[in-house]
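In the two complexes below, chain A is the common chain; its partner is chain B in one and chain C in the other.
Let's turn to the complex of A and B:
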């Protein structure tokens, strides 16, 4: 009853006009600052609108664009296939498009609670990645062979991200548990591995796996993209394992002790008691770790992997479209934004669902 | 010597031995490996490098360096279709990728320097381009030579060869200009395009491409002065003389064909009635053109038939048939006042 009494004591919600006046014009000085700020925002928005929409060229040639004062979205209309599929052979683009759709679909599926069983997730991902590689590489079922040096664009970026997460996630769980091992040797060695990987920049790791490894061990180390994925997965796992470990260590010791006293073995305690709770607690940093990894994929351009960024660079890199780099970068930023913003919204949904922080 | 420094010394000897064993390819090994693999692995770019290695809307490579790669593949296999693979390679990755055998040659706007040839231990082919450093200005200034720019300003990236060359050149001709330096080439380009300085100094291919990034390309012109020049050549692993010969013969064939007036259009006619014994030999009518280096005798014919001579490749990628409209300048034949010469054919 105390609650309802407090609610009654709260002032009634004031009308919109009063609220606006209170928040924007409480004093003459604040009012002036508000007005100036609004004027600036309106001015900036108006110019942005003029550039991006009103004076923009959406479909046309490079000449049309040079004649117009606004943005040249025609470059996207003309070269979007290059940005999405990179160097993949033109007549086989449907394979790259289908591969990309499969990966996005699988990402969405694995976000659904119904797939949250380790076995289901593993089967889903391993099967879809196998289908993806088969589809992209070809050489069977009448599909022509396409070498990895011709893979590229958004499809390749998403593939690298998915494969990194798929290998990195189990690896991070293993590293986190090993680091918490009661055998000092195991925990110290794991700790050193994690800390060494974390103290190297990702670019160094990429350079080492893509460039130095084939010099030291010629012909024995798989294709470049596979090595890159392995390097990125290791880097991801080193960071993610520390996130998980912080989740594990934030649990009261009593949880583990209670499970022990019930006679549960190590695996049952970890998979049924500790890890589910640790995951829940580590959810916010895990989501940002995924977002960071998605953005870090664009670093692979440095070792000559033709990812989304390199493909965008190639898209405006022709004599005809050389002046449209701003539009191409804005478009790439927009595509990245869609992915990462969806990811963070999904993270927020998970937090509500799991009542993290309650 | 402490234990630790001994360990480091031993380690570096082992590492040097390992890398040396990879770096030195035996005589003829590269050609044999390329033939066995069925593809010549050449350098692509991680993105587009305008005029030299670009990607068209269908995802196919084109450009001057790309055509040189194709010429080498054609010399080996008779056609480049399906026999050349462009491995996307960043600038930093060129050397280790060549050393590890991931690519068979670097043909990617690479200057021939003492350091790269000597200390890095690579082998360079003959230069196929002489890249002159030139000056881009706005036409409205009314300047025709650098001397006319006296008292003006010039945008250069800090600490580059261009900055040093420009300073030396200005001193030589007794002109003073203010230097507007930026950290990176892109910043310098943007500074020039936004009008913060009167002139921009770069290799002429890049000036021609920068002009296209301007709002109105026709407002800009390249001055006739050559500030400096950089020989651009193909790079291969040290120790495979035969492979260097193959690339040199390929490059020479392009120039020799231009000199003799052999084009992709008239090459069949020329082969049927060779105007001179050397053209006959180059097109494989008489034997001996390619057999000495392990190629077929008609490799010259194959190259000209599929890709054309040097002039055709130039005009298609950089010259009048391209958006860049770059003059041949110093990259003309020696008869026309340029620096290009073919090997003698007999």
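Let's turn to the complex of A and C:
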């Protein structure tokens, strides 16, 4: 019965030729647009191929590049250490690379449903960030000490992202619960804080924590990277708490009432009944919030943090490679694209999966 | 008799309130002490002091002898200028992308998808840096790329033709244009409750456009310099171009990045709007004998616009906030001006307050305006949204 019903609902599959004609040549005008578009795409791809691969210089000096007509990937081969590790001491680069890999591994592991338990996630993130900081900072186990001001490059960008997530996530839960508090004073004050953070551009918040805070409270506000992470975590939490709050509000009231009638206290209701379901509903927007947050890490360059973007600027900015700005930016865009595109595809996958589950 | 849980709630709130007040007081006192230690007198008196520094770009005349309030006004104007232009270009691009993404043509769809997926997944600031590097590495004015005198690309900036009219008339023309636009918008947003106003307002609208257009032509003709062409193209004189309208590389880079990035996001929003128009509506319109273009402009477009307006508002506010990237490439927007002023005057708290209030006002005005449109165009009786 079910089979025949679905068979009737689906339209018959037309042969390939008909389908192709329908999507490329439905009318003469549309057919002309298709042909012109395909010709343009072929032309553009051909030129792109010639520039990026055929005529490109992959290894060599700046002089080789000037002689060639294609892209100069040699600048990446020459300066990749600067772009990935910043000003970290040269002989210790393996530590920065290892740290970066650990953090990427943590991000990938967190995407697996096996780890979707609060305790497992907390242990995974806290432990790996502690290992990362130990590894990068050194000063123990025979590792030489490297101060935070010398961290940089892609490793620093990913570290800022991970630390923002680790601090911002619990903060967002706290803010969401506080905003839903039954005490009017608490909910109003939290709401004011969240709304004013959300109405300001992130750049101004970073500026406030990095430049203004030391003027107002000199000597009592930690290193610059710590302040930047605090500012970014606050910004992330303000947005994420609204996502969570909408997840909580989308739950049927019956869930809370049923838990109350079973005699569960506030904490049990929240941690066992409400938050797990709210998180499940809020998962797709949460993943896209993470993607947005990853993009926003690039803004820290404005207040003088030597992140991936800043080290990329430095990679071509000096002397001999000054003409290779396109290649450097394309490379950085590509690296960013891999991270953000994967995150957004993952979010889309989760959304599909959850729709199927219903 | 107050129940014990209520009394507990009151007590708890009183304690929390006291703690909040104490923390705030400690923060303010600490800030005041450290400002006193740096010999900075707080207060807004500095706004009337002259700045003594110059800024890169200004729409109104500005010199280093002008006071602080004026430099802040210049910054706000620059932000509105960049934001306004960026919103317009991004919207046009978004409409094109949205139409491509929902087209029946597979090639157009593929182009739209490639564009959106590439642009959306690269940080905006990286794109701004990229375009800034491109625009500052353009050939020198002597070897400038000249696209039929309409667009001249050089390292000194991008030049387009400008109206060649005498100074006061130029300002007047701008004011007439803006005035007409505002009058038409206000009229379009006025409530039309009874039949009389519904019949009268469209006529009034046409009258406003007619009078405004006529006034604009009159002002331009009055301001025309005798013996010179009306449209002045940029010309190479010595090492640089003169005449015409110059867009600095900073402004051009930010405008390009914002338009492309905003276009990708707006395109997705507009696509969602087109998809939300039910098939039945389109089929009904076709059954009534409307042509493809009529179906698009009279049925799909208005319905899609209504569906996406709230999301569009959020994206507009976001784009306006993104103008703060001006500081990355050195465009004198509101934020760059404020941060320079903080460096120069040390009036940190006052200037940060001005910055926050300024952004709150700008963003809320834009959102309120969009919400007003939303309210006015909502289909009566069919939508739950108020």
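To be clear about the criterion, the second predicted complex is superposed on the first by the 341 of 358 C-alpha atoms of A that agree within 3 Å, B and C clash if a C-alpha of one lies under 4 Å from a C-alpha of the other, contacts with A are read in each partner's own complex, and residues count from 1 in each chain.
To be clear about the criterion, a contact is a pair of C-beta atoms (placed from the backbone, for glycine too) under 8 Å apart; a residue touches a chain by one contact, two chains touch by 3 or more.
Not measured: the values here are computed from a predicted model.
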{"item": "Superposed partners chain B and chain C on chain A - clash or fit", "value": "clash"}
{"item": "First (chain B), second (chain C), both or neither touched by A:26", "value": "second"}
{"item": "Contacts of A:326 with chain B and chain C, given as first, second, both or neither", "value": "second"}
{"item": "Touching partner for A:212 - first (chain B), second (chain C), both, neither", "value": "both"}
{"item": "Which of chain B and chain C A:341 touches, first, second, both or neither", "value": "second"}
{"item": "Which superposed partner A:139 touches (first chain B, second chain C, both, neither)", "value": "neither"}
{"item": "Partner chain(s) touched by A:222 [first = chain B, second = chain C, both, neither]", "value": "neither"}
{"item": "Partner chain in contact with A:170 - chain B first, chain C second, else both or neither", "value": "neither"}
{"item": "Touched partner set for A:87, first chain B, second chain C, both or neither", "value": "first"}
{"item": "Contacts of A:276 with chain B and chain C, given as first, second, both or neither", "value": "neither"}
{"item": "Offending stretch of chain C which, after superposing on A, collides with chain B (from 2-10, 20-28 or 38-46)", "value": "38-46"}
{"item": "Shared chain A surface residues [contacts with chain B and with chain C]", "value": "207, 211-212, 215-216, 218, 301-302, 309, 313, 323, 325"}
{"item": "Touch list for chain C against partner chain A, complex", "value": "9, 12-13, 16-17, 20, 30-31, 34-35, 38, 104-108, 110-111, 117-118, 120-127, 129-130, 133-134, 137, 321-322, 324-325, 327-328, 335, 339, 342, 346, 348-349, 352, 355-356, 359-360, 363-364"}
{"item": "Chain A residues touching chain C - in the complex, by the definition given at the top", "value": "23-24, 26, 30, 33-34, 37-38, 41, 182-186, 189, 196, 199-201, 203-204, 207-208, 211-212, 215-218, 291, 295-299, 301-302, 309, 313, 323, 325-326, 329, 332-333, 336-337, 340-341, 344"}
{"item": "Residues of chain B defined as touching chain A within the complex", "value": "18-19, 22, 44, 46-51, 54-61, 85-90, 92-93, 96-97, 99-102, 209, 212-216, 322-324"}
{"item": "Contact footprint of chain B on chain A as seen in their complex", "value": "66, 78-79, 81-82, 85-90, 147, 149-150, 152, 207, 210-212, 214-216, 218, 224, 301-306, 309-310, 313-320, 322-323, 325"}
